Amino acid sequence: MGDPRISIRRLEHWFGAGEHRAPALAGIDLDVAEHEFLCLLGPSGCGKSTLLNIVAGFLRPTAGEVLVDGRPVSEPGADRGVVFQEYVLFPWLTVAGNVEFGPRLAGVPATERRQTVARCLDLVGLGAHAAKFPLQLSGGMKQRAAIARALANNPAIILMDEPFGALDAQTREVLQDELSRIQRLEHKTILFVTHSIREAVYLADRVVVMTSAPGRIKQVFEITLVGPRDRFAPEFTRYESEITRVVKEEVAKVHE
Amino acid sequence: MRWGLARAAVLGGVLAAWAVVTYGNRALEIMNPVVLPTPGDVLAVAVEAVRDGSLPRHLATSMLRIVAGFGLAALAALGLGLLAGLCAPLRLALEPVIEFVRPIPPLAFLPMFLVWLGLGEASKVAFIGYTTFFPMFVAIAASVLRVDVMLLRAAASLGASRAALLRHVVLPAALPGIIVGLRLGFGLALFVIVGAEFMGADAGLGHLIMEGRTFFVPAQIVMGALLLGLLGSLVNALLLAAERRLLRGQAAA
Amino acid sequence: MRGPAVTRRRAGGVRLASVTTFLGVWALAAAIVEIGRLFNPIFLPGPWVVAGKVLRLGLDGQLWIHVGATLHRVAVGFTTGAALALALGLLAGHVRGVRTLVEPVVELLRPIPPLAMLPLFIVWVGIGEGSKVGFITYATFFPMFLITVAAVGRLDPLLIRAAQSLGARPRQLFLHVILPAALPDILTGVRLGVALSFFVIVISEFIGAEAGLGYLINDGRNFFLVAQMLGAAAVLGLLGYLGNAAVGWLERRLVRWQHTG
């Protein structure tokens, strides 16, 4: 199979200092294989976003390390694209401007950039909106633009932190379909944080269920359904129930 | 408390830097030491001015002018502002004056006030009044206009009469904005009084500062400037505290 | 009880009507003073007298000399102040070391009304152009500096993270993220600076100037040339208005993205 793309070793993270330290992550060991779509799932406060931020290089862990292709990471970089829940598009640039941001900074010549932008916008279905400003877009469109922007930079890894959390239920499912389709074409390594079990079962190759704070890996589920997945198939529902049972245990602990 | 300490340290640092530059200049004889007054020079002038009573006199003169001018303007701005906020025809009637006068810097009218009202107190008070009236009027009228219609609807459906609406909804809702407007007006008065006392005056802090130039005593200028700064900070802090008391519990305007 | 909402064009029409009304009332007042012999009409010249004076000054070339002098001082003073404020402001907002150095000085000088420092400038630099221009620079620097620092501080940190994950290096971050994101606020500061320039130029032209609109106004004091004073004030107001409009135009062009949608 080859070496894992992302290797997380003995990762620990504490917030605050001295007496007021609060543990967020309590020892995570995880490998993410190349081309794998891995979901981090868990109740609020389980540290899944913290874990993602550490892999992204936005946070330095208190202990442990993260290796990408064998090399330790401590800074954000173009090899790990990020899609945020808040979209975070650059409001002063058009959709096309946003999408070509990474390649432009990397010095890619204009003609090549234009082709990349066109391809990525078509991939997310925003071809007709290239000249619009983020203010003019709906939430779903903004997130598509954000995904296109991450893709245009051609990172090996894409990190997504509850990217569909701010969208309504319908748009959410549409974008899940889109993402699933895109992944079947692009075969990226994706680390996806969510608290929706349904979303995790629909999108992921593996689902990592985390415990409540301090976060640990409770259980890992391998989803062997072939894409595109049917949300109403019995196998799908079986995964959902199984994972729900495990997650409920953890949610109960949070409310104790 | 920590913020206060940091602030003190910072000011101490600046004071130190000032001392170094000016005493150093005096020692090394780079520039005429008179032109670069040391903290000691400034203090000396201040002490002398307090001793011979001139500083308190000038300070009082300036403050009186500000309070009188601002006071009159505030009363007018409150009265007219409230009315204008409530009554569209009045607003439309006053708008031309405001639109016309707004782009013209108030200080441009100072000589005119001197011509119209002479060199006495009246011209200064009137000038301060004129300068502070318009911004306060606009701010107050705007606060009244900005009152959320939904608040009025809620009160109306609870049986409030027009008078009750005014007293119990419009005024309290507009109050934060009104107070901010008044505070800004006072700040403007402080800003402008100096300039107003540069010419056609023989008393006041502005005059004191200008004297420093006429008689080539820069230390006096610096003293006057620092005093004004102190005064401004003090008054501003007091007004902010008063504002917070009056608007307990409400969000900032 | 409340005013009606007005559309853009209607607002323009209302403004025109209100200015005309104002002129009308003024003319009426002046006429009453003249006819009723209330006081020496020299103290309240009607709009036609003022306009006439301005026209005469314009025709014989004098007006332009004074307008030019004022504009020159404002232009040089303001651009210097703006350049310094923006450069230092961006640096201070971005680099903590610069901020700790500059902020104390700013905090000390901020409460002092800039007008109080004018005589000091005159003592240091003399009564000529230098002190006037320098004074405008000094007066406009502080608000623009503070606004620029705040603009950088208010930046959404997620924007920085997004750019970093797209491979942006520190210099690129500054040019391609911080600058464009802070621009709207910075332009608001610039607009303030322009207004402030016109605000303070007058007073410095009252003292020791031989040209400029402020000089014209003060000069009128000697022979009660109220028409000249009012006329020069009106021209000054017009210049200020145009300056403000120019910045507004700049804002609309550079910050197009804020006004769409």
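Letters A, B and C name the chains as they come in the text, with residue numbers starting at 1 for each one.
Note that in this section contacts are C-beta pairs under 8 Å (C-beta built on N, C-alpha and C of every residue); 3 or more make two chains touch, one makes a residue touch a chain.
Everything numeric in this text was worked out from a predicted model, so none of it was measured.
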Core chain by centroid distance, with centroids computed from Cα atoms only: C
Centroid-based (C-alpha) most distant chain relative to chain A: B
Chain pair with the most C-beta contacts: B-C
Centre-of-Cα separation between chain B and chain A, whole angstrom: 54
Geometric centre distance via CA averages, chain C-chain A, whole Å: 49
Mean-CA-position distance for chain C and chain B (Å): 19
Where chain B touches two or more other chains at once, by residue number: none
In the complex, chain B residues that touch chain C: 7, 10-11, 13-14, 35, 86-88, 91-93, 95-97, 99-112, 114-116, 145, 149, 162, 190-195, 198-199, 205-206, 209-210, 212-213, 216, 218, 221-222, 224-226, 228-230, 232-233, 236
Contact set on chain A toward chain C in their complex: 56-58, 75-78, 80-82, 84, 86, 88, 90-93, 101-102, 105-106, 132-136, 149-150, 153, 159
Chain C - residues contacting chain B, complex: 1-4, 14-15, 17-22, 25, 43, 103-105, 107-109, 111-113, 115-120, 122-124, 198-203, 206-207, 213-214, 217-218, 220-221, 224, 226, 229-230, 232-234, 236-238, 240-241, 244
Chain A-facing residues of chain C, complex: 156, 158-159, 161-169, 172, 176-177, 180-181, 183, 255-258, 260-261
